Structures are given as structure tokens and as C-alpha cells.
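Accompanying notes for the structure given below.
Per-chain numbering from 1; labels A, B and C assigned in written order.
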Amino acid sequence: MDDEGKTVTELAALVGGRVRGDASVRIKSVASLSDAAEGDIAFVEDARLLESVKETRASCVIVPEGAEANAPCLMEAARPKLAFALIAEVLHPPKRFAPARHPTAIISESAQVDESVYIGPHVHVGERTRIGSGTQLHAGVSVGDDVLIGSDCVLRPNVVLYDRVTIGSRVILHAGVIVGADGFGYVRDAENRRHKFPQIGTVLIEDDVEIGAASCVDRGALGRTRIGRYTKIDNLVQIAHNVEIGERVVIAAQTGISGSTVIEDDAIIGGQVGMGDHARVRRGAIIGSKAGILPGKIVRAGSVVWGIPARPLDEYKRLNAHWGRLPTMRAEVEELRRQMKEVLARLEENKEE
Amino acid sequence: MDDEGKTVTELAALVGGRVRGDASVRIKSVASLSDAAEGDIAFVEDARLLESVKETRASCVIVPEGAEANAPCLMEAARPKLAFALIAEVLHPPKRFAPARHPTAIISESAQVDESVYIGPHVHVGERTRIGSGTQLHAGVSVGDDVLIGSDCVLRPNVVLYDRVTIGSRVILHAGVIVGADGFGYVRDAENRRHKFPQIGTVLIEDDVEIGAASCVDRGALGRTRIGRYTKIDNLVQIAHNVEIGERVVIAAQTGISGSTVIEDDAIIGGQVGMGDHARVRRGAIIGSKAGILPGKIVRAGSVVWGIPARPLDEYKRLNAHWGRLPTMRAEVEELRRQMKEVLARLEENKEE
Amino acid sequence: MDDEGKTVTELAALVGGRVRGDASVRIKSVASLSDAAEGDIAFVEDARLLESVKETRASCVIVPEGAEANAPCLMEAARPKLAFALIAEVLHPPKRFAPARHPTAIISESAQVDESVYIGPHVHVGERTRIGSGTQLHAGVSVGDDVLIGSDCVLRPNVVLYDRVTIGSRVILHAGVIVGADGFGYVRDAENRRHKFPQIGTVLIEDDVEIGAASCVDRGALGRTRIGRYTKIDNLVQIAHNVEIGERVVIAAQTGISGSTVIEDDAIIGGQVGMGDHARVRRGAIIGSKAGILPGKIVRAGSVVWGIPARPLDEYKRLNAHWGRLPTMRAEVEELRRQMKEVLARLEENKEE
């Protein structure tokens, strides 16, 4: 960004917005409505919050099309939050890293590293590994042998890639991410000791994936673990051997996915979800936080499930409400039993009369 | 510690204890009652364990005031465990690290590092970062640009601080802690692809905070993520963007806190708890292990909650007991239905008669 | 492996298999039945899958003894999957690392490192630490002072060992494992501030243990945290201070075990399990994924438990089924109440008549 920022006109052109008010105002930064100061652009997506626009100090506010709001400069957009995000990409571009190979970095002779790559201090790059243009390897990153990394990736400090994994382009791996460790598979012998089932497969992480800090993606046992394009994974997530994750999937923090489970495109998985092995989450399904998916279970396309073990959300909520009224039901059953005893006694009397 | 240790008299003075027996005994180490040997000091807080004091080989035992116990040397204290911890601080002070800048460390020219700082092997310190007196950066620590670190902090091996985070004084970050990674926030476009919502905020970790191994604290999206003074966080914990944690809060291992949630002072959060976004845990509330707090939920000050979704502990336990008796209730309802059928038949007969 | 592979005869001799068909075929690699090509060996353990043997392109298939299957070369084995794993060890031995001390590694003068040890780039080894023959320390590993590491261990990149921990022989620690960080123990003072309870104990990891990526094993507070022989631990697992884990135990990903809990030999713990402190899992017990074990709880030897809080699996499943039928029971109770009202009214009428 040049320090002068952009005019509202320029920004509106980027996102197809329509300006109401002074379109020549210069914007330097994005901000929330409440924290914004002069030179900032903010947004309101929820119509109920339009009232607060009049109190902001932002120089421009992005609002839904046709919204009523009181400010010197408004930008109408079909999806204000998206417009805000796209404008932020322009006003706050990621820090640039000039091509470099830090003198403390150890890069194997046989590695093929594009000359535009940034390699920070104390990085290690193994044999025959190839790294595409514009990629950044920050301090302490360790890349094994025979790894492929595409273009314009960002590997934050202390990321570890084991041998033979493949990373697409524009992939972001946050600090401490570990890709390609051995899967958790053993075979017991007669003394109940475990021998490693071969963990000699690979990992494929496709383009435009982002993986959060300290998350782990194990290699396939024999085949491959795959994470599809545009998928976004939060921090401290565990992806086991041979898991297959589709495109545009979202997985929140601390979720764990067991071996050979399949998550199809566009699924959304909450935080701290646990999935057994060989399960399948079909296209577009949504799994609520902390849910537990049993091994082999199939979650229907587009369905929304919750609970341990997971059930359709509506059913789960209904059952949970019933559960909350158990003391009432208990009392009712007690009362019925008391009454029944009385009724039976009365009938016995009548009989005798 | 000098190798001679301290006399019981000296230690008692430190913690306001009262000595019964030979106060001139020299103590070199703390130990548990069962493992203690000559030269050790142990403690008993629970009156039921006083009986075992006579079997210990400890040279001195800290006991509650007025406790009956049989040992050559006792130290009475209002709170024996606290006295023991304070004595341990004196007998087992943290290892000292002399000021140093390891020749393999890479420290930016523009960084301002106090000359008393210890910087270990393979550390990286970014541009314009400032580090206060007595702080230790152990092997492999990576500190970004424009970071502020106070005095007497300890950053264990491979800690990662992203750009622009602020750490107070006497903060302990265990190995693998990651502070300031991007929060998990995206905006979908028309093709269901996700664009990063700007993650350009900061993190503030206040004085005397301790964070356990491999825990992650994300930066604020637009604002700030904050962890208040004296708060203690265990291993593998996830703190999302814009979370606000008060003072003297305790969070056990593997808990995850979603974006913008607020935890007020003195709250206690168990292990593997999951909290949705925009929730609020009021002052002094206690959340049991594995509980799930729904997004937007408010947990009342001083309350104790448990379960998924969380309820007041007493209620949860009562419901759980009812749940355990469901087979009994099922049988009772069956019996009632059988009896009712009989009663209705009997009444029908009576009518006909 | 020499590039020529091994003959089926040679492989059969290794695992006590019996060959049917051409035993002179050369095998170069293991593979799954479906992905196998010429030169591969595959296996079938489940008799229901024998049918698919005829479609594989594997040069040899390991099958149960006496199995009917149609292929040019079969190897009968008592336990095909175990035979397959043992054959994989021969065909795909771990990559060898020649003895080396990378010039960027920092090894204390007082450390005793066997000359056969491989030390990769940017490793740090502290004072008086001893490392046995054939052990590998990969890039960025940080080992503290007074650490003991046995023979033939593999420490993957960025493993951190704090001071004074002990690691046996043939131990595998995956990337990002952290051993010996302080346990999470504090004592409150009058202002509700927490002082560290002394965390001055140690960790013992015995022979043939494997620990997955980013898992954490805290040191004992006063005593020791121990992980017994042949135990296998998955990724992102938390083992707290003073936990005692027996031999041949298996612990799946993201499980957390609180302080002083004991897990006896041969127990199997699922993923995302949470265990309170001072619990005890007796010999051979199995704990289902996501279960919660209450503090102090004893899980009986050989039992199988599940749920939060955990109950015997059969009971848990039965209760869960009852829970799922709560709406039905609710309706039945409603109907009973309606009928009872009617019955009582009828009886009242009869009385009046």
C-alpha cells in the first residue's frame, strides 16, 4: 500500500460498490465500526446495526444495498463484509519478503529452489526438494527430502514437512504445522507388542489451503492423505493417515479426524469434533462443535448434525430438551404410580362390595 | 541456592511458620512425604494424612497450625502447601542464564535487546522488536517484527511470536507456544470460496502469565486478543482471535475458546472445554472439564457449570442421575400402561354390568 | 533394500509363511490390494475380501492359512496383516542416517554423544547430556541439560526435551513433541494469585515408545512422569505431571490425561478422551473415544467404558437408546395422565351414584 491510501472511488471500483457522499475521501485502513478513526473504512452487514453508523468516526462505511444510514460517505455493496475483506486485501497486503537465502539456512545441493523464494534464518531444505516462485519459508522451517512446494506459499516459523509430501500453490501453513508424520497404525504380535503398520504413503495439500498453528496432517499408510483446494483448517487440528478432505471444507480448532475418513466438498466441521475411522461426511454437511461421529458412519449431504454420537440437529435439540425435563417426567410417573395404586385399591373395594 | 541449604528457622521466617522441634536442621530440598530423605522438607495439608508423618524420613514437615503429628521437626503454617511452594522457590530457584547472545542467533540491527537478555542458539529476533532486562529466549525461539517483550520473561525452545504482539513482564511461554497467528475468519464469495477476513489485529499478554506447551493464541482480527495478569494456561489450549481473558484466570489443557468470547477475572476453566464465539464467562465462574458453552451464552458470576451444553452443576448431576435410571422409569411406564389397560377394561365391564 | 527386492521364498522364511505358486517372484514393495502393481506384495486378512484377490495386480498376496483365493502366487500366514507389516520392515527399512554432526549444530562440550549419532542442522544439545549409539536428532531438535537418550532413537524435527528427562532406546518422537515442560500446578495465595507448586521432577520414557507429532509430556511435580515400554501415543496428546503409563498401552490423538493418573499395562485409550486427576485405568481396560473419566475414578481391568462420565459400554449404549426414545415415553406418560384423569373422574361418578 502506498501511504496515501486509496480513494473511496478506487475502492468501490474494486468491489463493484456504489458510493453515496464524498467519493474522493482517502482511505488508509480498515477498522471495526466502533474503533474506526479518520481515514478508516468500516462495514455493517446486519441491518439492525445500521443505527450505530451515525456514531462511527470512520471516513466511509460499507452498507447493504439500499440501506438507510447516516454518514458523510457510504459505500453500498451486495455483501458488505465480503467487500470489506476484499478492500482489506488491498489496503493491508501481506508483508513482502524479497528473494533471500539467509546465510544460516541449510539448503541441499540437489534442492531446486526458485530464485524468487524467501528463505529465512535456520531453515533446512532436504534433498531433491523443489520450491516454486514467490514462496516464503520463515525461520526454523524444516523441509524433508523429495518435497514439492508450489508458488506463493507461506510457511510460518517452525513448520515441519516430512519427506515426500506435496504442497500446492498459495498454501499458508501457520507456525508449528506438521505435515507427513507417520500415521498411527500398528499390528499386534503374540506378545501384544505393536509393530508399525507401514506408514510409507504421502500427503497432498492442494492449492489455496490454509492450515492453522500446530495442526498435524499425517501421511497415508500405503496411499495418500489429501486436503482439497480452498479448504481452511484451524489450529491444533489432527488429520490422520489416508483421510480425504474435499474442496472448500472448513474445519474449526482442535477437531480430530481418524484414519481413512472422507469429508466431501463444502462440508463445515465445528471445533473439537471427533470423527472415527472410515466415516464419510457427504457434500455440504454441517457438524456442530464437539460432535462425535462413529466409525463408518455416513453423514448425509447437506444435513446438520450434533451430539455424541451425532444425530440430526433438530432431533438432538428435541432430545436434549426432553432430557432437561426428566425430573418433571419422573415426578409425573411417581404421581401416576400413586394414583394407580389408589385406583387399583378402589376397584378392589368395589369388587368386594 | 548455596549447597548448604537453609535452616528451618530461616525457612520459617520466609513463610511466617512456627517451628516445633530442632529449628537448626539444614534443609536442602523439597520432596513429597513418601519420597523425602534426610535434608528434605515435606508438607501435609490434609489432616487425614497427619498419621503418615511419623513414617517420613523428611527432616522437617510443614503441617497445619495446631496439628498433632509425630516428627523430630515440624513447621506449623496457616497454609502448608502454600508455605511449601514458597520454600521451594527459595531452595530450587530457576536456573540462571547469564546475559548472552549466542553466535548462531540472528538479531535484527533495529531490535533493541537489553544487554542482560539471554539469547540461545538459533534464535531469530525481527525488526524493531524490543526485549526487556533479564528475559530469556531459548533455542529456536522465533520473534517477529515490532514485538514488545517485557523483563524477566522465559521463552522456552521453539516458541513463535508473530509480528506486533506484546508480552508483559515475568511471562513464561513453554516450548512450542505460538502467539499471534492469524485468526480463523473468512468471508465466502459467490463460488463458496473463502477470502480471509482481515486478521490484522494484535495480542496482549500481560504480566505474570504462564502458557503451557504448544498452546496457541491468535491475533485479533481487527482489534486485540488479551490475556490478563496472573492468568495460567495449560498445554495445547486454543485461544481464538479477539478473545478477552481477565486476570487470575486458570485454563486447563486442550480447552478451546472461540472468537470474541470474554472470560472475566478469577474464572476457572477445566480441560477439554469448548466455548463458542461471543460467549461470556462472568467473574469467578467455574466450568467443568469437557463442558461445551454455546455461542453467545452467558455463564453467571460465581456459578459452577458442566455438560454439553453446559448447565448448572447440580442440575447437570441430577439430570445425569435421572438419565442413569431411564431403564427403571421405562419399566415403570410399561407397568403403568399394562395396569391402565386393565383398569380401563375393568371400568368398561362395570359400566356394562 | 537392494533394488532387486526379495524373492517370495525369502520373505516367507522371514514370517514363517507358506508359499503357493511361483515362489521365485521378486518383490520390491508393499501395497494395498487395490493399488498394487507388478513387484508388489499385498495382503488380505478378512476372509470376505478374498474374492477381490483375483483382481489385484500384486505379484503376491498374503492370505490366511488355508484360504481359497485365485492368484499366481499366494503366501499363507497365520496373521496376514502382521506378516505384511514385518515384510514391510524389510522392504522399506527406515532411511539410514550416517553418523554426522552438522556444522550448524550446537553441542555442549560436556555432552557425551556417541560417535555413531546423527545430528542434523540447527540442533542444540545441552550440558552433560548423553546420547547413545545410532540415535538421530533431526533439524531443530532442542535437548536440555542432563538429559539421557538411549540408542537408536529418532527425534524428528523441532522436538524439545527439557532438562533432566530420560529417554530409553528405540524411542521415536515425532516432530514438535515436547517432553518435560512444567506441570500445571499452582497454589493460591490470599489475593487469589497463583504460585507455582514446585515442578522439579523428571520424565522417564522407556524403550520402544513412539509419540506422535506435537504431543506433550510434562515433568513430574516432585516425582516422575513415566511412559512404559512399547506404549504408542498418537498426535496432540497431553500427558500431565506425575502420570504413570504402563507397558503396551495405546493412546489415540488429542486425548488428555490429568496429573497423577495411572494407566496400567495393555490399556487402550481412544481419541479425545479426557481423564481427571488421580484416576486409575486398570490392566487391559478399553476407553472409547471422547469418554470422560472423573477424577479419582477406577476403571476395572479388562472393562470397556464410554461416555461422559464414562460407564460400562453396554450400559452406556442402552441408556443412549432409551434417551433416543424419550419423545415416545413422553407421549406415553401424557396419554397415561389423560387416561388417569378420566379413570379418576369415572370412579368419582361411580361413588356419587
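Note that a contact is a pair of C-beta atoms (placed from the backbone, for glycine too) under 8 Å apart; a residue touches a chain by one contact, two chains touch by 3 or more.
Keep in mind that this is a model prediction, so the values were computed, not measured.
*Asks:* Do the two copies chain A and chain C share over half of their interface residue numbers, or under half; same or different?
*Replies:* Answer different: the two copies use largely distinct residue numbers here.
*Asks:* What angle of turn lays chain A on top of chain B when you fit their CA atoms, given in steps of 5 degrees?
*Replies:* Rotation angle, to the nearest 5: 120 degrees.
*Asks:* Can you give the whole-Å distance between the Cα centres of chain A and chain C?
*Replies:* 26
*Asks:* Going by the touch rule set out above, which residues of chain B reach two or more other chains?
*Replies:* If we look for residues of chain B contacting two or more partner chains, we find 104, 122, 140, 158, 176, 214, 236, 254, 272, 308, 323, 329, 333, 336, 340, 343, 347, 350.
*Asks:* Looking at the complex, which residues from chain C come into contact with chain B?
*Replies:* Residues in contact with chain B: 104, 106, 122, 124, 140, 142, 158, 160, 162-163, 176, 178, 181-182, 184, 186-189, 192-198, 200, 214, 216, 218, 222-223, 236, 238, 240, 254, 256, 258, 272, 274, 276, 292, 308-309, 311, 318-319, 322-323, 325-326, 329, 332-333, 336, 339-340, 343, 346-347, 350.
*Asks:* Could you pull out which chain B residues touch chain C in their complex?
*Replies:* By the definition above, chain B touches chain C via 30-32, 35, 79, 81-82, 84-86, 88-89, 92, 95, 102, 104, 120-122, 138-140, 156-158, 172, 174-176, 208, 210, 212-214, 230, 232, 234-236, 248, 250, 252-254, 266, 271-272, 289-290, 308, 320, 323-324, 326-327, 329-330, 333, 336-337, 340, 343-344, 347, 350.
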